[in-house]
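Per-chain residue numbering starts at 1, and chain names A, B, C and D are given in the order in which the chains are listed.
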């Protein structure tokens, strides 16, 4: 029961999802969409598991007064404050101007956008450090990146030449690289999925 | 249902997808055939995957220094195959680490990955004969949100100073933030993903990068069961046939024969 | 050999990453405070789209599929604004729809502002169909009749009671479709709207996605690509010359951020050059 | 800007700068912003998932007496057995469903979109008479060689090794191009943030004076 059942479920659901792809009947489409709903519902319950895990780690840090525990208090305070302003007014909290949306707009969005824009700095330092013509591979990487970046720098008459080169890189070697890459990934992923579906690969689920 | 206006038929098979069906069927047969061969004890040659040495070397260095090892499994859920491959690799990394007294930190982005990662690490530890060394608190959920997760992982890199960072799975924009922070702490970094947009950043910022299909191959290789290598053989045979049909298709197209190529078009 | 020289080369190679951050930060801030004008090289794939819209007659209909969320706003909003302004200025009618779950807000933001500028009326000069999940099915259904996936518009009015929709059944009644997208929706538009129904299609996508779609341009499945901030700046440049948008009214968002793009790109390239010069010179010294 | 905007945009500006301080080094401001956003985002996602997932996909159907929707709820509840040492094995049922359906959905899509579509797109007419025909040859050679790089059953030596080498070169050109293209997008975001701070500061001075 403990061992066999999960793998039976994997095989059955996997096979169903695979087979329905080839069956154009409406009742199968309906079953498929219903199963997609299952995934969303299970995800909701899983979310609580995550919340529990997070709260548990934070609370235990605060309790044991591990250095920096004050920050865990901030995490917990942020979490419960959002839950309160989100759930207490009900659906109304999703309307623009509510306390809940304020938290979204003035805390979540700016932090997210700032984290994202840190990448502009990181991309520069990574390029400076790693783009050295030490090996052939590094040189190829470097030259290709510079040609693409130069598109944004006005070079006078050279702009047209560079534009042509950039276009060539994007449409020929870059295209070839992507195609081969996707074919490889497609085969590798399908083989992995097949092994899981047929229960050949089982190491991802614990022992007893 | 709106789609019922025109999309459905009473047929039990979608003949528009017969090409997918045939190719998929052939692929299944290849994989299963080679797995059987391997099970029967026939030795199959598979070249050594360079990424494996990189993983072992990184674990070795971290344990020598007595510092923690950080394992990041990407930001997608268990329904993504890259995450599954990453969990298989995690189990094997745990087995390598278990023999030494260094913690293996596994911060996680999706709640559903937590139980799988816990099992993978636990199993790795008990395989190495050290089930007691397993610490539940080291596998922890951080946040579902991409950048909150990234911020949390950055924090671990800076405060726990892991000597080795592994990043295997499905990554997005956070890849470079993590890899650069990891570089600044001097950790040895091995990364692998099948998300092509992020590979440039791993290639640039990490010591070793596992590219695309190699991620799935590594997970198969690490499982150490010879039968699992059968899938690599199967996918190689498929690749060979793809290369052959690529040449045939191109030649036929050149002479204006499009029947062959149009058979491959999918809707 | 000379110790000072090799020290210099070492310095060039091993700058602390924080110096890189500082230079980028300073350059971006300075350019933001005191911007300058950068010439933009207009590529044919952007010009094609502009010229097509130019060739349309007042009263004809252009469809815009808006499939991006706030994360991609910085890159995609500018082109959306420029095209919408050009259309309204020329009296072209717009049909809008959305296949990305966080997209509806994006459409509203643009259409609310631009329709006010040009005094355009909902239902007469433009129709916003709203959002539907499952892009493939939705596009296929629209190819039959817009009323299948969208019996009502975004605001809950039945399509049949909207004056603009009177003679519009499906893709055959729109002159072209422009899909502005940050994700996989583009592929569905290409495969289904163009592939199945042969609709005339052009796309606007984020910078990262751009290169993926050039093959479709070559094969003629799409007639133009606007790629990221640079593509948007090219479009704004054309639209400004055409007199549809104006610098005075602060309508050249992408164009205005081009100086920041240019200076940062130059800085990044210079850093790469610096590192490599240091590397080669120190190898020579040794 | 009114008082409301000045205060709330002020919070946003403060958090933005706090994040940027990380570029210099880890510090209390960054840690504050980091821990705050971890808590806030977890809460935010819970609320959103409840209203956009749980309500329409479970509560509404049950209200409409579609009782078969109780099945996914049971599977969902099973995950919570993880809290018990004795019953935690039950949680594997829901996990199995999740992984199984993920694998089943993925198989045909990977084969269709990643393998067949890429293959058929590469079957191009070749020749030397026009430039597009020449580029087609180059694309086909590139794809062919890059595929040999991903070939595991043979050592990369001899002619095969040369082909794999050319393949990895092609991949590197692609990665370089990807890197170059991404710079533009990231700088767009930085520009947006800097302009936000610039505008906020000028508004703040106006407001204060």
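Just a few scattered comments:
Everything below uses one rule, namely that contacts are C-beta pairs under 8 Å (C-beta built on N, C-alpha and C of every residue); 3 or more make two chains touch, one makes a residue touch a chain.
Here the structure is a predicted model, which is why all the values come from computation and not from measurement.
Counting C-beta pairs in contact across A-B and across A-D gives the higher total for A-D. Compared with chain D, the chain whose C-alpha mean position is the greatest distance off is C. Taking each chain's centre as the mean of its C-alpha atoms, chain B lies 33 Å from chain C.
With centres defined as mean CA coordinates, chain B is found 14 Å away from chain A. The centroid of the Cα atoms in chain A and the matching centroid in chain D are 3 Å apart. Mean C-alpha positions place chain B and chain D at a centre distance of 15 Å.
Touching of two or more other chains is recorded for residues 3, 7, 17, 20, 24, 27, 77, 79, 81, 84, 112, 115-116, 142-145, 147-148, 151, 159, 180, 196-197, 200-201, 203-204, 211-213, 217, 232, 239, 242 of chain B. Among the residues of chain C, those touching two or more other chains are numbered 17, 21, 25, 28, 208, 210-211, 215, 218, 230, 261, 264-265, 268. Residues of chain D in contact with at least two other chains: 20, 22-23, 31, 33-34, 37-38, 40-42, 44-45, 79, 82, 95, 98-99, 101, 103, 105-108, 110-111, 113, 115, 119, 121-122, 140, 143-144, 147, 150, 171-172, 174-179, 181-184, 187, 189-190, 192. Against chain C, the residues of chain D that register as touching in their complex are 20, 23-24, 121, 132, 177-178, 181-185, 187-192, 194-195, 198.
Of all residues in chain C, those touching chain A in their complex are 13, 15, 17, 20-21, 24-25, 28, 38-39, 41, 43, 70-71, 210-212, 214-215, 218, 230, 258, 261-262, 264-269, 271-272, 274-276, 279-280. Residues of chain B touching chain D in their complex: 17, 19-20, 23-24, 27, 44-47, 49, 77-81, 84, 112, 115-116, 142-145, 147-148, 151-152, 154-155, 158-159, 196-197, 199-201, 203-204, 211-214, 217, 232-233, 236, 239-240, 242-243, 245-247, 249-254, 256, 260-261, 264-266.
Interface residues of chain B facing chain A in the complex, by the touch rule stated above, are 1, 3-4, 7-14, 17, 20-21, 24, 27-28, 31-32, 35, 77, 79, 81-82, 84-85, 87-88, 91, 110-112, 114-116, 118-120, 122-123, 126, 137, 140-148, 150-151, 159, 173, 176-177, 179-180, 183, 194, 196, 200-201, 203-205, 211-213, 215-217, 219-220, 223, 227-228, 231-232, 234-235, 238-239, 242. Chain contact summary for the complex, chain A toward chain B: residues 21-26, 29-30, 39, 43, 46-51, 53-54, 57, 60, 68, 108, 111-112, 115-116, 118-119, 122-123, 125-127, 129-131, 141, 145, 178, 181-185, 187-196, 198, 200-201, 203-207.
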